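In the two complexes that follow, chain A is the common piece, with chain B as its partner first and chain C second.
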Partner chain A sequence: MFKRFLTRGLRLAGIGSVAAALMTAAPVLAQDKEPIVFGGSIPLSGVFAFAGVHIHAGLTDYTNWINSQGGINGHPVRYVMEDTGYEVDRSVAAFKKITGSNRVPVYYGDSTGFMKTIASELNSRGTTLMSGASFATALTDNQTYPYQFIPGPNYTQMFGIILEYIAMQGQEGDKPTVAFVYSDTEFGKDPIENGKAKAAEMGIKVVEEIVTKPGSVDVSAEVLKLRRARPDYVVFHGYILSPINEFMVQMRQMGLDTQFMGTFWSSDKLIIDRMGADADGYMGVMPYNYYDSAEGGPMLEALRSQAQKSDPDAGYRPTAYMQGWFNAMVWTEVVKRTLDAGKELTGDNLAASLASIQDWDTGGIIGVPVTVRDMSFPVGRIWRVNAKEASYEPVSDWIHLN
Partner chain B sequence: MDWLFFGEISLAGLAMGGLYGLIGLGFVIIYKATRVINFAIGEIMMFAAYLFLAFAGGMEMSPWVALPLAVLGGSVLGGVIEKVMIRPMLGESSISVVMVTIGLASILVGLVELGWGADPQLLPEFLPRKPVFLGELYLAPKIAYGFLIGATLLLVYLLYFRFSRGGVALRATASDQAAAYSMGINVRRVFNLAWVFGSLAASLAGVLVAATGGLSPQFGAVGLSVLVVVIVGGLDSILGALIAGLFIGWLETVAGAYLGGQYRMPATFAVLAVILVLRPYGLFGTHEIERV
Partner chain C sequence: MRIGDAKQSYEADEAIWTSSTQKFWFAVFLLVLAVFPFVADAYLLYIGCLVGIAVISTTGLNILTGFTGLISLGQAGFMGVGGYTVAWFSLHTALPFPLTLLLAGLLTAAVGILVGLPSLRVKGLYLAIATLAASVFLHFIFAEWQAVTGGMGGLSLPPAHLFGLTFQSDFEMYFIIVPLAVVMVLAAKNVFRTRTGRAFIAIRDRDISAEILGINLLRYKLMSFALSSFYAGVAGGLFAYFYRVVTPESFPLSLSIFYLAAVIVGGMGNLLGGILGAAFMTLIPEMLNLLTATLTPFYPNAPVFMSPMLGIIFGALIVGFLIFEPNGLGEIWQRVRRFFRLWPFRN
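Moving on to the complex of A and B:
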């Protein structure tokens, strides 16, 4: 117990206070070239800490790995971060502090709220390209957020991928019916209107729409509504774990054969670890291969090897880790393309380099070559929980939206 | 109108309201005896739920052993908080004491994050999973059995406060501290007892609510949301907490079912606003209550 206490403590709290110092001590490369700084407002504490610690680990491991490969065009990489507690004001303060004392071409934002708040400053500075934990649809509006991108599909695109999959399950021309269940938050509401429009366009009937109060205690009334609507599929959005488990268990207790699906943040292995056998059959859309999937590729192997090297006892690495790693991978690619073109690392040049990414081989992190569209990577795959194997298994091909 | 549906959601709302009442009881017992609004009640609930997780999950004890142990742990925590943090504040302004409870809430969240991490958790299943039917009306089993367990504790409390020496001392202290003191009642002990009993009710509610809605270090927000219940019922009224708990639980569920989940909170806050205008001391509260 004490060992566990210490381990958790080190991962969650200790990291917060010493990480910035440790990160600046990235392996020193032989080159004299100026380091390239990866900045980050990272939620090591607060409501998003469960993901923040893994995002941090992914960014840290990638930094160490790229430095072991000679950095970016000979420039060493330095990862400088601050814990934000997932509070916008602290994220902004961290951004100002880090960018005030470093030249930061790329930066990790910990929330949609922060990324929207910092947008005007980012636009006026024109020095930094930002991505982060957010998959918000709004951030792919290039006019308002020209220096921000999404490290995967945005939430509307995730719904698009889910609906494409659902449409394919129809038999003899009959399209399955669907219900959307989402939290009453900006995060939860993000893809709903676009999702309904997309469903209508595809001929899929949305038979029920359930909004749950944040931190909802009991959802049995909502389950009763779904029992009457009897959707073939329920798509959850805006949750990490609860109340997905309660919906699934109660609807199955009622004898319904509904299938359950979710978006990125509710498609981690946490669902399997916590729900056990009840998670069987749950499906999620995921732009990255899972850490323990049967898929391979040079970058995926490098990730696994680096993860093992940095913390041999950690075992499985969650999707937040993959997300952190992929963010840093994209930054590297964008910085490299900009440097290769002999251009300065400005927001405009970095954004142009990002937009030039076409059929990019991610080395197995994403299973197909990807193309950037509207500052996002609109690709994903549907994975299904095999509770017996305690893992997600792919049930669709990679779906790349145009 | 689909009356079967209305009956089912009403039942679900009332059962949930019973748990709200139990949490409200945790607020009221402490306030009634000590005049302290305990803003850390949600974190005490959370702490007890994590204890249950440790006993039933980590140590693999039988849930029926883990449940009383966790509830006991939560109530002991309440007693210790009173002795170590609240008693030294006697004589200080009520705002200072409230600030102590708010600070305490942050400390408990930090301790839980250190001990169990920030990941969301589910408690080991311990309530029957077979659906409950009252006639044709369906009720989710966790809510139904949670309500029964909570109602049992409420009954025990009501009997205790009515007939036992400790209960009479607590009521006497709540009515008039000086008179209780002059009659030989150990008022300090009563204060401690109030924190223990209040935390015990909150702890049981914590485990039952977490069994349904999951657990995370942010779980304490549930406790704070029940503040509406005790303000509507009356900060110093046990009966008020119970009736308001049932009513708010029902209203919130019906509003959510017919108007949409986004109207759950506006519905309860609309009731709160009306009550504050018409009866600022709550439906069953004492007129002289000092507000913070």
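Moving on to the complex of A and C:
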């Protein structure tokens, strides 16, 4: 009896050992495969550092998470980055250094300037697909930038989503009026001409257009112009915070009931933190769910859990973190599709894989399945600040432009 | 120890290379520059080209600020004029790069003369503000003259070409940038062996005395502006060919400050110092990045922790140089040379 028990036990132990060995061997085999390198020129210092540190955290956390899931088709992922100070020449230097010592199929660019500058090199190399912090409309020109994509809607598409929302708010066929306030920079001017054309096409009247320096403080004269024009909506673009807060406070003090809206980089918690109750009602277009939104989904939960694991004290993670994570998610999907098709990780194959993304479920990062059009994800949702809760709440459905 | 270096004639005294040892080391230096692109990786080649462009621009600013004593904060604007000139001619004509660069230099020199006009009346900080205003004005033109400059989106240009050859990669661009940098530095060195160069120095040292000695201040000040701007224009043109894109944001005010800092750190009125200053200002951020990369395997959060520190370290190094060696890197270089020349005796 004892002998039979022992034999059976040994046999079970043997099977268990083989299973255990196989289970431990699987990750080892995965680690044996060539790592896939995520490269990045990241602005950890300089004027864009406020976002850069969170982009870096998002990319780092995603890399750790995907490796904990066995990597990409068994290939471990390695994230190699360098600080750029948000300077184009240093971003290019980082690119040369990282791509010189690694085979880098996907790369994070920290600015529109860098992504435009590196385009000729990317095109001649044909080895790397790039995305990054830029949502510039110009980068979705596939002829000039065939190996670059936008990890969300470009700025023109963001304006399109905002205008779609504004058009829906019209009562009895009356379309609301709008004013555009933007910074005197490439960033600020990006969507304005297309935005005006789109507004005209939709029958929305642009009653005022104001250009300021980014970060302006004294906007009294501009506020008076808006007071005369009395737009129903003011759309800000090309700012992070100032002068949005100045416009909002001064116009509300004048008793105007104008609604204020902004694009990606001016739609984070910073505006709530700095303005407090005055931020109430401010609306922003955002392609991703906010970290603390009521929305869910397997990937969004994975993001929250990984963020909590990597820094339990960090609390809320800004939209830059979500952007970093989503960039890496798209890279993973694109690399996976290319490997699954048995193709080499070249710029052309990666770009083709990106273009093939249709009705892709992002696991809750974006609330609806997304389709790539012209190297961008033209989807977003309008969120409004609830100052009491210090959070953004959705006020529209997800709007997917065609 | 090297002895017996007595000069027998004025020509010998004015010679660029006063001894065979100098000629030997300069030949070695040229050899190193020639071999460098064949052994360097893509990153080092890129840095080499960047230093080459910085050397040309710093040399130009050194002529104006270091040798003539006219402070300028317009260097980035002048480089922008050069960059846009090259971009425009590359897009609208089939001119080869030597001609586009020459046109960039000449047009920028003309703009420099205009900007330099106030220098007869104002100097010091007032002139700095006047050149700053010119830089802002030029930036406005780059951003708003849509038909010529492409507005805020800028211009993308085709690669440099000559006799059917195109210069696209960093390796190919190196053979334009570095030889041009060597030639332009030598040309600047020659300028200061002539009456013109000595007039610049006289103006710097005491402009009233210089005028009494028969130096036409307006003429020589404008000449200095023109020469300096020519260098900036060529550097801007090379910048355009190197990156193949120019936008108004390619030439920010911080770039002018960068070059002014390079001149000060290297040593005002010292061409070698300017070269060392340009190399120092370009390489130090890279060296500090290397330090971060070295620390990262031991401390994974090093990039986040170190990056803000790098700015402080960089600033501290510059302040340190200014306090402990106000004559700049050029003077340190001279001390090192003296040490070896007089070794084993104390200097």
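One rule holds for everything that comes next: the second predicted complex is superposed on the first by the 369 of 402 C-alpha atoms of A that agree within 3 Å, B and C clash if a C-alpha of one lies under 4 Å from a C-alpha of the other, contacts with A are read in each partner's own complex, and residues count from 1 in each chain.
Rule of thumb we're sticking to: contacts are C-beta pairs under 8 Å (C-beta built on N, C-alpha and C of every residue); 3 or more make two chains touch, one makes a residue touch a chain.
Computed from a predicted model, the values in this text were never measured in an experiment.
> Just chain B (first), just chain C (second), both, or neither: which does A:V207 touch?
neither
> Touch check for A:L224: first (chain B), second (chain C), both, or neither?
After superposing on A, A:L224 lies in contact with chain B but is clear of chain C.
> Given the touch rule stated above, what does A:A314 touch, chain B (first), chain C (second), both, or neither?
The answer is neither, since A:A314 touches no partner chain.
> On the A-aligned overlay, A:V88 touches which partner chain: chain B = first, chain C = second, or both, or neither?
Touch partner of A:V88: chain C, not chain B.
> State whether A:V53 touches chain B only (first), chain C only (second), both chains, or neither.
The answer is both, since A:V53 touches chain B and chain C.
> So, does A:M275 touch the first partner chain B, the second partner chain C, both, or neither?
Only chain B; A:M275 stays clear of chain C.
> Check whether A:S45 is in contact with chain B, with chain C, with both or with neither, and answer first, second, both or neither.
both
> Where does A:G100 make contact in the superposed view: on chain B (first), on chain C (second), on both, or on neither?
The second partner, chain C, only.
> Please indicate which partner A:N245 is in contact with in the superposed arrangement: first for chain B, second for chain C, both, or neither.
First partner only, chain B.
> May I ask you to name which of chain B and chain C touches more residues of chain A?
The partner that reaches more residues of chain A in the superposed model: B.
> What part of chain A is shared between its chain B contacts and its chain C contacts?
45, 49, 53, 184
> Under the definition above, what is the set of chain B residues touching chain A in their complex?
2, 5, 8-9, 12-13, 15-16, 19, 58, 110, 113-122, 129-131, 138-143, 209, 212-214, 216-218, 221-222, 225, 252-254, 256-257, 260-262, 264-265
> For chain A, which residues are in contact with chain C within the complex?
42, 44-45, 49, 53, 56, 81-83, 85, 88-90, 92-94, 96-97, 99-101, 113, 116-117, 119-120, 124, 138, 144, 184-186, 189
> Chain B touches which residues of chain A in the complex?
Within the complex, chain A contacts chain B at residues 1, 5, 8-9, 11-13, 45, 47, 49-50, 52-53, 184, 210-213, 215-218, 220-225, 228, 240-243, 245-246, 249-250, 253-254, 270, 274-275.
> Mind listing the chain C positions that touch chain A in their complex?
Listed in rising order, the residues of chain C that touch chain A are 41-43, 45-47, 50, 143, 151-154, 156, 159, 168-170, 243-245, 247-250, 285-286, 289, 292-293, 303-304, 306-308, 310-311.
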